[in-house]
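Look for chain A in each of the two complexes below; its partner is chain B in the first and chain C in the second.
Let's turn to the complex of A and B:
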């Protein structure tokens, strides 16, 4: 399944708005300017999602996972490498980071930051597409990328494709890079694309 | 007399940062980390305003809001949530909340909303 050029453009426009809202929230949280890259979007069969993401992040990652439901439903993950996760903790608490698996304060920070950023991005979609999106309690995982993706697939036979969105953002001249990954069933991906097309037509 | 705020959020980070803002403005703050504790604390502490997160483990914020309002129709509950959707704000208002703030909350905006909720029971403009 591939996106047409028009679908890709419309999704990127929507994602830019969502990421912009997330970046504004991150800037407000940290007190620093956030520089955002243009989001990249691609669709991958679930079986190749691991290799698609491996080109972006190292194997050990911190991820905040929220299930979202509504007319468009799936899983959303904010993925950061350990270095970025430690830097965020330092920016938000003025405390030096410890090794992440041992740092309860950092895990708290990441869970809340992930909650705010995922809500900012997906909530913006809900507003623009005029659909109500509901969210689960955010869960933080410190694990290999493969294990995180594998755990999403348990009992989820309907998940065939993953929409991978990534946008780098930089804080305070440092390179803290995060990635948003959205995993949808074929039906939800189809509905999302149709909603985005309708939204985009409404804009012109 | 110092007004008392009950802060309900499963995120310790969110509770800490919100507590700092409220105590800095002279409010007395008590905390609950989930819905069941919030309901208990409400009747023990008798706060003037409740600041309530929406998405929490166990009872969701809307359930807590409904329960508090059922037990005390005068309960003044301001929702503080990462959910930025307009539809969620409308849902919260329809459920009888006294106000709605998005995370991360601007400190002055939070204080204005809480002050209005303390003074007149709601903060919707």
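Let's turn to the complex of A and C:
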């Protein structure tokens, strides 16, 4: 399934609202101006998600994982490669992480960043669909990308598509790119896209 | 069903009790109006807020700090089903608590929804004390930084060593090339007198440079391993200066740099090692000549106060860049270490000078006007009471006119070299190949025509030539027993010197020999005799 240009624009616009909220929270928390951009959105069948992501991040990644449930259900992940994760942690807290590869404090900070971003985006979707979406407690994993994706498929049979959102953090003259991956069932994705289209029409 | 639900109820109550009494985290709950409904024992013990004081009150009323830090948003989000992570790195703490060290307890935590079925009935806040973890992270961080620093230092040392080795091979090859180049030219075809003179001058200068280089290297190695010992004795600094000027003169002349000594020839006495003092002065002079352009001038002077001798070596050369000035006495440091640098040298001369000066209880300083020259000032403790041991340097003429010298060397080339060197200074030389021949010469010589001095090459401790000393000692003056004897060795160490003196020799010279030095030594022995 491919998104039309219109659907893509509408999704970017909608996600930008969520990212804006997340950026405001991060700015407030850190005292630094944090800007979050959504430059690109794409949809991939779950079987090709691995290769789509592999061109974007190295194999060893830090991922913040939250399961969401309700009328729209699925898995949401923020994926950063180790280098980006370390950089982001240092930019946000003024302290470089220990090379462990990531110490507990760094993992905690990244978990919160992922949490803020995922909550903001999924919250925006929830508002749009006018449904209550519930979230699990976020979990940070340090693992290989393929292992993470494999466990997603094993645990959740109905999941078919992955929405990949490029998340560009800009703060203190530096840029760090992470990837938001929202894995949905066909029905959930359908519902989301239809709502996004309706919202776009309502906007114009 | 009934039993099962009763079981769940019991387990639920047990869980609550565990959370309340035993949990190692702070746990409190609020209802859908943000009113605190439970407050576990960990919180009561660790935060100073007792459950009786907070339960039933709005969380923002009981803990106003949470409101002012924007936590209302998180409790609101929990009632919408969202969980908020509170990382220590971003929040520092959830509930302010003064820790044992007077700092607040470091905390992280989370705020999330409490649900019954699909209904959100309130929020739960879980707090963890991460003070210990942060301390160990900080410790680890300090260890990593320390090891990074150590590695950087080691890498810097390796880099300096590599640079040094590169420079060393360059410095060793350059004079060798000159020597080899000219010897090949001379071997290939007959040379005219002018060319021969030129060749010998270049070979001599470069061989001398090589000798100094090796001396400096060996001394640096000795200093590094703590094995450099001074052979301290009363010494006249003026003589060391004049001898060093003699050595550096050919190089200076070749470059059209004038070396001028301004302080007269009266003895400037101190306690020190004459060879090392000469090395100090030579290094300073060589350095000054190196950095002075043709037509320039190097001025040497010695000033004396009641307690100190101050040696000054000034040049009007290019000077030292201000940023390099603090580093000039560091080993292997050069202002311009690049391969294309204009000046040769190992970068050990000045560091060696400083070490040698300090071994003498002295100190060295440098001042420089970048572009206009440098002044090195060395100060030694003066010992004016030694002055009477030394006649003025002016009297210590190297002129050997009228003196008869007996040379003993089993190597024909060495014999020839010694003979020519002494003859150049006016001596009449008889040369023999062994100690026994030397004694035979003495036996066959009338008393009034006995040699004034003997110069013998002594290769090692067991050398037959060494027996010359004791053999002379057993003789009457009429048979040569009083003739002063100079031992020449290839080894320079206090032990060798002691062995020679113990065998009855009067002075020790080390190869390679400078004719002027040898002549001065012979002259001084004959005169004091």
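The definition used in the following text is that the second predicted complex is superposed on the first by the 187 of 204 C-alpha atoms of A that agree within 3 Å, B and C clash if a C-alpha of one lies under 4 Å from a C-alpha of the other, contacts with A are read in each partner's own complex, and residues count from 1 in each chain.
Going forward, a residue touches a chain if its C-beta (ideal position, glycine included) is under 8 Å from a C-beta of that chain, and two chains touch if they have at least 3 such contacts.
This is a predicted model, so every value here is computed, not measured.
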| item | value |
| --- | --- |
| Fit or clash between chain C and chain B when superposed on chain A | clash |
| Partner chain(s) touched by A:29 [first = chain B, second = chain C, both, neither] | both |
| Which superposed partner A:86 touches (first chain B, second chain C, both, neither) | neither |
| Partner chain(s) touched by A:106 [first = chain B, second = chain C, both, neither] | second |
| First, second, both or neither for A:115, with chain B first and chain C second | both |
| First (chain B), second (chain C), both or neither touched by A:98 | second |
| First (chain B), second (chain C), both or neither touched by A:39 | neither |
| Which superposed partner A:124 touches (first chain B, second chain C, both, neither) | first |
| Partner chain in contact with A:137 - chain B first, chain C second, else both or neither | both |
| Set intersection of chain A contacts, chain C complex versus chain B complex | 28-29, 92, 108-109, 111-112, 115, 119, 123, 132-133, 135-138 |
| Residues of chain C touching chain A in the complex | 70, 77, 80-91, 108, 110, 112-113, 115, 130, 133-134, 137, 140-141, 144 |
| Chain B residues touching chain A - in the complex, by the definition given at the top | 10-14, 55-57, 81-88, 103-104, 106 |
| Partner chain C, residues of chain A touching it in the complex | 28-30, 66, 70, 89, 92-93, 95, 98-99, 103-106, 108-109, 111-112, 115, 119, 123, 132-138 |
| Chain A residues within the chain B interface of the complex | 21, 25, 28-29, 92, 108-109, 111-112, 115-116, 118-120, 123-124, 126-127, 132-133, 135-138 |
